[in-house]
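Labels run A, B, C and D following the written order; every chain starts at residue 1.
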Amino acid sequence: MVPLSWYLVLAAALFCVGLYGVLARKNAVAILMGIELMLNAVNINLVSFWHYLNPQVMAGQMFTIIVLTVAASEAAVGLALIISIYRRRNSVIAEDMDLMKW
Amino acid sequence: MTVTVDQILFLLSALVTLGAAIIVVTARNLVHAALALIATFFGVAILFVLLQAGFLATVQVVLYIGAIAILIIFAIMLTRRVMQDSGPQTNQQWWLAALLSLALFAALWAVFQQVPGLQNVTGTQVIPNDSLQRLGFGFVDPNQYMLPFELASVLLLIALVGSIVIAGEKQ
Amino acid sequence: MDIGQLIKDPLGTLGGLLTSLLASIGLAPGAIGVIEKIIGVVIIASFALVLPLFLIWFERRVVARMQDRMGPNRVGPQGLLQTIADALKLMTKEDITPTGADKLVYNIAPILSVVAIISMWAVVPFASNILGTPLNVGALYIVGVGSLGTLAIMMGGWASNNKYALLGAFRTVAQLVSYEAPMILSLLVPVLLARTMDLNGIVQAQPVAFIVAAPIAALIFFVTSVAEVGRTPFDLLEAESEIVAGFHIEYSGMKFGMFFVAEFLHAFTVGALTAVLFLGGWRGWGTDQVPLLGVVYFMLKAFVGYFIVVLMRTALPRIRIDHMLDLNWKFLVPTSLSVIVVTIVVDKLIQQAGITNDWARSGLLFLANVVLALAIFGILRRSARQLRAFEEAEGSGHAAEHEPEPHGQPAEAGAHAAPAH
Amino acid sequence: MPNEWLFIGIFLLMGAVFPGAPILINSLILGPKKNNPVKNSTYECGIETVGDTWVQFKVQYYIFALVFVVFDVETIFLFPFAVAYNQVSFFAVLEVVFFILILAGGLFYAWRKGALEWA
């Protein structure tokens, strides 16, 4: 059998890879992809806890679906923002979006 | 220690997931990154199957691969010259980011070592046959998850209205 | 071995025979299971891949007959071997990869497009006991692997490094993605009525075919599925006069052939899925005694669906892209949403009233559907009238500014569209 | 792991082998290999391709994908409900009707806003 800890380590690794993507990438769309990776890592955790701890209670799966909903909404709004900024300033580089800086 | 079929399948899909994830954050071509992201989603779907959450695995494919990935590819095509991506794709602090990620992983690893008996948690629980019915019932049961269910629809409505306002504005 | 037993449960009997045979060699039970599954997969997959050879011939003959031609009739009896000759020809063609193409993605795309369609057959029940696998999320699985096909088109169009291909791929994906929304929504109705997502369970729940209880959903499912295939009248992805051939313009040889096979198999799969979801699948007279008869019934029903798809292809002109999207978002999606609302409310009322007779339940749902259809027609008529009044008030002054209507305009698509400002 | 999913997994693998084999036979064995730069160039209407493969896409493509994603997520919520339909009360049905109406409001907003127009 696969112990729970394997899944947790995998999810942690996936989360860290996603974090690296978010922090290191220049392109705003690539940053968003990193966020999706992190959300997937969270989902792995939720489902594995559901499977190993108490499969009678559906909270784990329920949360996963809510996370999916949030991920979809976040991708929709985030990408809309990126497209809007691209059309105004002709750039998708996150560092160029510095209007709020002083 | 003998390696069972389950463990081999887990290791294979974990390898696919992590390898594709690393391509996602390192690929120079953004479309390649998006395709690797799809491979990651697929790997996670296989993991869900291994965890006996077949419904979630299907949802993962329908939603992530069929919808969100398409959305991301559309956004890439709308904002970028397609075939080539010139210049480095990372900012100056990439080494700091790498360091931070590794540190976080190390910290999580240390936490896992601290939890007593984590190594011994194996799937001895019986997965109910009617988990799909339980999920559907839980969604609409006022004593369970009715509020998140209705909030999800409000969230989706706000996301829809917001993105149409943001993306659809005339130049 | 008992012949009667073989006819009653062919898969179980042969499977049992195979199991004992393999066990006698001394294989572990786990390995036996895997080997049996591989054999099952090979049978279903090769059936699904050989089928297009016949379908392409059939379609060419039917289309020819509709157009007052003969169609292929030279190779073999009635031209039956024509497709095999074509396939052999494709095999000996040069395989060209355009410069600047993304090799890996370019080569994966045609394979993925076939995988997406073939995999649907893994859950389709041919008869009560002849099916790939009883998956408890079968209906959603169909949608999931179907979306892999969308991805394949996107990959093929992007990797070809060709403007036409990319443009065609984008149009295609916009179309497929749009029509997937009402398709999933109408797929929900049979799942609701059967209370299960397992396709065999859906068939078993149809003593009265669901087309009686959900005619509107059946129609929407069929139309949107045809749009998903990308056939005429929804063939904007290929639109030869506009974007040459769309996403597969740079493909040659067998890679092109695989896109072709995927399209024809998908067209037949539409018929098969409609049969399973709405026409009662393998149900028919005498299937209780001889389950094998179910295969005949199922294939007949699937062929009726496929035949209608072919007739639609010959009879209807291509729909314009704005009409295509209007038809989807302003008609099919609101309609399928209202069908779901009506179905869940009425079916719950029927359940609370304690009506258990299948015919009574189907009849009541049918009545609800008729009322809904009348209401929709009423709304359509009113908005068409408004549109006409608007055009008359506006149009007399600057009629020249109006876009010319395309010939063979799909009336129902444009008629109810709110006037754009 | 459940047996059905093992079958699906094998099916996906074999599904890739079946179309892959004829493609390999075609490109490696039977097909001629006579490349030249002109043959390999991308298809255009007869003249040489100008510029890179980049077409300015309408933002409309994105909007349609966006509305689709929202409805896709909504349907995901409804599928488990449909399976559990026998056990739920009439109040739950009203909840779901409410859920659908909220999203229908979103569709109506997009329609009024002109986001569903192609032109």
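In this text, a residue touches a chain if its C-beta (ideal position, glycine included) is under 8 Å from a C-beta of that chain, and two chains touch if they have at least 3 such contacts.
This structure is a prediction, so every number in the text was calculated from the model and none was measured.
S.K.: Among all other chains, pick the one whose mean CA position is farthest from the mean CA position of chain C.
M.R.: Chain A.
S.K.: Relative to the centroid of every protein C-alpha atom displayed, which chain's own C-alpha centroid is closest?
M.R.: Closest chain centre to the overall C-alpha centroid: D.
S.K.: Looking only at C-beta pairs that count as contacts, which pair of chains has more of them, A-D or C-D?
M.R.: When the contacts at A-D and C-D are counted, C-D has more.
S.K.: Once you find the CA centre of chain A and the CA centre of chain D, what distance in Å lies between them?
M.R.: For chain A versus chain D, the centre distance works out to 21 Å.
S.K.: Using mean C-alpha positions as chain centres, tell me how far chain C is from chain D in Å, no decimals.
M.R.: 14
S.K.: Distance between chain B and chain C based on Cα centroids, please, to the nearest Å.
M.R.: From the centre of chain B to the centre of chain C is 29 Å.
S.K.: If you average the Cα atoms of chain A and of chain C to get two centres, how far apart are those centres in Å?
M.R.: Chain A and chain C have C-alpha centres separated by 33 Å.
S.K.: Which positions in chain B are in touch with at least two other chains?
M.R.: Within chain B, residues 6, 50, 52, 54-55, 59, 62-63, 66-68, 70-71, 74-75, 77-78, 82-83, 132, 134-135, 139, 152, 156, 159-160, 163-164, 167 contact more than one other chain.
S.K.: What parts of chain C, by residue number, touch at least two of the other chains?
M.R.: 100, 135-136, 140-141, 161, 166, 170, 173, 177, 180, 197
S.K.: At which residue positions does chain D touch at least two other chains?
M.R.: Each of 4-5, 53, 57, 59, 61-62, 65-70, 72-73, 76-77, 79, 82-85, 88, 96, 103, 110, 114 in chain D touches at least two other chains.
S.K.: Can you give me every chain pair that touches, using the contact definition above?
M.R.: A-B, A-D, B-C, B-D, C-D
S.K.: Any idea which chain A residues touch chain D in the complex?
M.R.: 65, 68-69, 72, 75-76, 79-80, 83, 87
S.K.: Along chain D, where are the residues that touch chain A in the complex?
M.R.: 59, 62, 66, 69-70, 72-73, 76-77
S.K.: Spell out the part of chain D that touches chain B in their complex, as residue ranges.
M.R.: 1-2, 4-5, 9, 52-54, 57, 59, 61-63, 65-70, 72-74, 76-77, 79-85, 87-88, 91-92, 95-96, 98-99, 102-103, 105-106, 109-110, 113-115
S.K.: Can you name the residues of chain C that touch chain B in the complex?
M.R.: Against chain B, chain C makes touches at 30, 100, 102, 105, 135-137, 140-141, 143-148, 150-151, 154-155, 158, 161, 166, 170, 173, 177, 180, 197.
S.K.: What part of chain C is in contact with chain D in the complex they form?
M.R.: The touching residues are 33-34, 37-38, 40-42, 44-46, 49, 90-100, 107, 110-112, 114-115, 118-119, 122, 132-136, 139-141, 160-164, 166-167, 170, 173-174, 177-178, 180-181, 184-185, 188, 191-192, 195-197, 244, 249-250, 253-255, 257-258, 261, 321-322, 325-326, 329-330, 333-334, 337, 340-341, 344-345, 347-349, 351-352, 418, 420-421.
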